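Both complexes shown next keep subunit A, but they swap its partner, so subunit B is in the first and subunit C is in the second.
Moving on to the complex of A and B:
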């Protein structure tokens, strides 16, 4: 264990987040969630339970949902990360973002980024889920405010928006990258 | 209709619109307090030194070793408090204690260049403790007679005569657990020092004015040197009403001593082990019914598990007493309340604020007694509803009592209750290892702060020369949609489109002396204030418009961004009128104020009309219980709830659904456990993470969930005819608990009464099933005589005597 007298060794970490390369020098034990929030100032990723239960900190690693509080920043080297900030803007929302806004799938909003990322990845795999499948897809995320009803509606609505719009954007999940290089 | 409740044509209130911050939330742009850290230069991080004892005297503290840790800047101790060493308003919560009062109590705080440096510094602080005996549950405190604060008593009628005349008398006890708020955003404060030593604290607080008060008294400075701002909270649920103050004060001391911004964000474990929760209660009761099952007398003693200090325990207890009747008329009542002092976190406000606890006692009584009376629980409940003209035990007439029956009948109809009950009977007859049951429970919940003085609010509305509008009010946003509703109120009152109005964050230098955003009253109070401010401005603009239009001022209409005369004709765009008014030197901004009229309350005798109105609702829940394990499914829930004329239906339905699920969590899943052993870890919270404290997730949601708002529900006494929504629907979840009890009982012979622990976890349900199967006795209810008299306070009653009432009395006495 690194004691007070032994300075913790630092590591240079370069990652691509939302298509932008970032480099920061951090201790080996810097959590990816803290790295995103405090080193890269991407505060859209929220930290809720801090041990992988609530899903608020979920980001996409090479398109797959991962809990950033359970990863170290150094483990994200050479991976493509997508946070909620990379899924759209207020003026150009992604389909899941638009659906959550329309369906009131949020109240305090703190769990929302984790739901948006999780569902974005899910709809890439299953673009037309049933209500039952939608519930299943997000059963690993916690929300303390809504009672979940509008979140299920949001998933179904997002699938509709996705289906009706040719978004013209490349798919978030790069099938080759995922097959060849499993995230940690 | 009253001036307050009347809606103009085409109002923006009542429209179905998304949350005002929805766009920010879904794109990750919404800022919470801790998001400001990375946007602030030179921030220091605070980390607590938490005591590893439930009760101990601090005999020595050496902070020097911490200062040797690289990156540690300062250690804050009692010696650093420039003003009063007190984090509360009752002077019983030392910010830095000499005596550790609960496991995890912070005895010092370390400031570091990084959070990691502060953490290592906190580990290096040397503290010696002299452990003391600790009481860690309410029964231990009752046995030791360790109580704190007021011992209120609420009485009506003749309790002895009531029991003497009753045909059936039952007595019992009931103890039930509290609840962790588990807002997804933990407590956070970021303090900095402005010029001249003035303090600016950004805090995740439901009560910025009180955070300001406490920071000021800890710092020993007047309130005008402290500004508190709350951008928004990631959930509050009452947990950020009183608890943020001490954390804000620590950050303020740190910022003042170092000259640098100080961030104090609790990690999840710290939040769970240091901040207060919903009060668990213990109840002793006896109840009398007449031959037809009508309640004749209720005698109960409620003991709240207050934790180590009073915090909000007295008002929580008062609300519990005021809600023990729930929806039911009881002519003879005596309810005593007291607050146990235990070596646990200081329990605090939590959605419902004692109301759920009082009502749970009554619903538990009815659920246990119905089989003993030979009555269906649904029939017993319906038979005892208040009727118009009857009053609560504290003397308030129950206005619109018929709405309970309306809700009940609607749920019965839309929920197809009769048909499903027949189906359930068939199912149970043909399934030996599982049972289904359906229960219906009502809610009646009083709206307003019990304490009359808190029922006031302010707002500040600015109309700029270009016609754009900026509003600020005293309420805080924690997800409930208050800001959205306030924008709707302002747009309605000014007659402008919603897009014309923007809302600025809640700050104590914009609106002073605010009440907590609590008691479900945020929209009632602040909405009244916003409306008042807007109407002042409209009245001034009316004069300007009348001279342009050539009509009487009362004939000027403001609607959807245009100003016209009542008969039509010339149309003045809102922006043009505002601009003209500016050049006529008309004041285009206003401070609004609102106070709820018609309230009175004497807490010393627990009597008066403390509530502006009651909110009503009814829920029907159907469950299926597995007889081998006690595991259960929530098959269907039907709700009809009264929110008056909804200000914002999408938000209100969201509140009803969320509150119900949170209530179901409290009653069925969320199981707080403290170490009650005699090991050194005695008093340690064992459920201090999301992995051990079970929160409702998708898996526990009702398979079918129908929520409807009661129609034709105009409320005269509140802004635009609406009613509060935040807390009341939480208590609709009693239906789930009672359905579980009935399903468990269905494993035994017909008409058996079973006990059910709270929370009714699958394990608790399993034991209820086992009890029903034994069928040897009717649970733990004593029957007959005039019942077992609950503990009566041996000492003199200590009535609650709040500061504001003292102030009123002093003023009337001319002191």
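Moving on to the complex of A and C:
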């Protein structure tokens, strides 16, 4: 179908990332991870193994963690994507980012975006994990610096920060949702 | 590590998907969750010219609990089935096995039916389909047909599905009253492919064992069912664990690879089964 003489068909793909709509024209085989990094210049999402094992490219698809290297960009059209860029800024870190900073949860930092997204979604479902549960929650993400002890601590610390968020800690991405809750 | 070029088809009905399959035949491949297929494409182990992406096909994302089965549509994600309380109540083995499937991020996208169509001998779901005497519902240009688990798995990564057929759903059979089920596996790392695994169903009536059956992960080419009813004995209080372990060792045919020797896997799966029998009977 698409030999050397036939140009590869291109698709116009519009996706919503961190609440912002982006459009780019790409071949069907463009991995979502490459689409984010190369076509949209959102380089916060890192690419490690490219076959779903390492977890570095984990993003949130409609709030659920998924491997962006195991989806094609053309499949992301109908979904709301959240990358690490959408979970906080250097001046207003999200609770998981703040916890990683406080607990030295990163060394080289390469795997960190995948941990941040994974843990953010995990704490939505399980806001008060034990250390053992925290360890299990990150078992799908690899840290080649092997800094797991401090990453487990960071999960627990992030849970604390979330719990005390009403006392003036940094805002969460779901600040709008929380604004609807009754004050303590 | 990038897939070769392909034509992306996005049908919105089963009929459209089947029409594309008919047209492209063995040059096409169904894309559902893609959690096994996309790595295969990226590593260029396969380079189909056409991908028929069924993620936009309406009506395939349903779980239905019936008197005799749990029916799972082709777009039901592992997580959806894992969290479904009525499916768990009807057939606990589903959740007991699904928690061992990879990691949450994979389960959020990967589909249960896709896992069966992929037919990896190291996958958890094929053993569940076999043990529940499940059925795969296939649709193709020649119409619809039901394929029983015993005829579905032909070999590692090979099924009875024709190149132009789509598995639209599977029906996992429910066990009789008084059946206890469990699933155990051992992997080098959490969420990794199991070195060996076992799914087990023991049916009891007044503390008497009426039947005991098992199917296996990573130690048989296809997930066939081993009847342990004779080996285990009749009395739930005193199962013959040695006879069970002997029967399992004789049944399996594990290969040696970089992760473990065949002998080790054989020992491991016999021990996993022995412990699972004890656990189910002491519940």
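Points to keep in mind about this one:
Here is the rule we go by: the second predicted complex is superposed on the first by the 163 of 184 C-alpha atoms of A that agree within 3 Å, B and C clash if a C-alpha of one lies under 4 Å from a C-alpha of the other, contacts with A are read in each partner's own complex, and residues count from 1 in each chain.
Just so it is clear, a residue touches a chain if its C-beta (ideal position, glycine included) is under 8 Å from a C-beta of that chain, and two chains touch if they have at least 3 such contacts.
On a predicted model such as this, the values are computed, not experimentally measured, just so you know.
Touch criterion met: A:139 reaches subunit B and subunit C at once. In the superposition on chain A, contact of A:51 is made with both subunit B and subunit C. After overlaying the two complexes on the shared chain, residue contacts for A:9 are found with subunit C alone; subunit B is out of touch. In the superposed three-chain model, the partner touching more residues of subunit A is B, compared with the other of subunit B and subunit C.
Legend: residue contacts after superposition of the two complexes on their common chain; A:147 is shown touching subunit B, with no touch to subunit C.
When both complexes are overlaid on chain A, the residue A:22 reaches neither subunit B nor subunit C. For the contact definition in use here, the residues of subunit A common to its subunit B contact set and its subunit C contact set are 8, 27, 50-51, 136, 139. Only residues 4-5, 7-8, 27, 37-38, 41-46, 48-51, 53-54, 56, 83-85, 87-90, 93, 96-98, 100-102, 104, 106-113, 116, 135-136, 138-139, 141-150, 152 of subunit A touch subunit B when the two sit together in their complex.
Note for the complex: subunit B touches subunit A at residues 18-19, 21-32, 34-35, 37-39, 68-70, 116, 120, 124, 182-185, 232-235, 237, 267-269, 478-481, 650-651, 654-655, 657-662, 689-691, 695-699, 701, 705, 707. The touching residues of subunit A, counted against subunit C in their complex, run 1-2, 8-9, 11, 27-29, 31, 34, 50-52, 55, 58, 61, 64-67, 69-72, 74-75, 78, 118, 122, 136, 139-140. Residues 1-8, 10, 34-35, 38-39, 41-43, 49-51, 53, 55-56, 79, 102-106, 108-109, 189-191 of subunit C are the ones that touch subunit A when the two sit in their complex.
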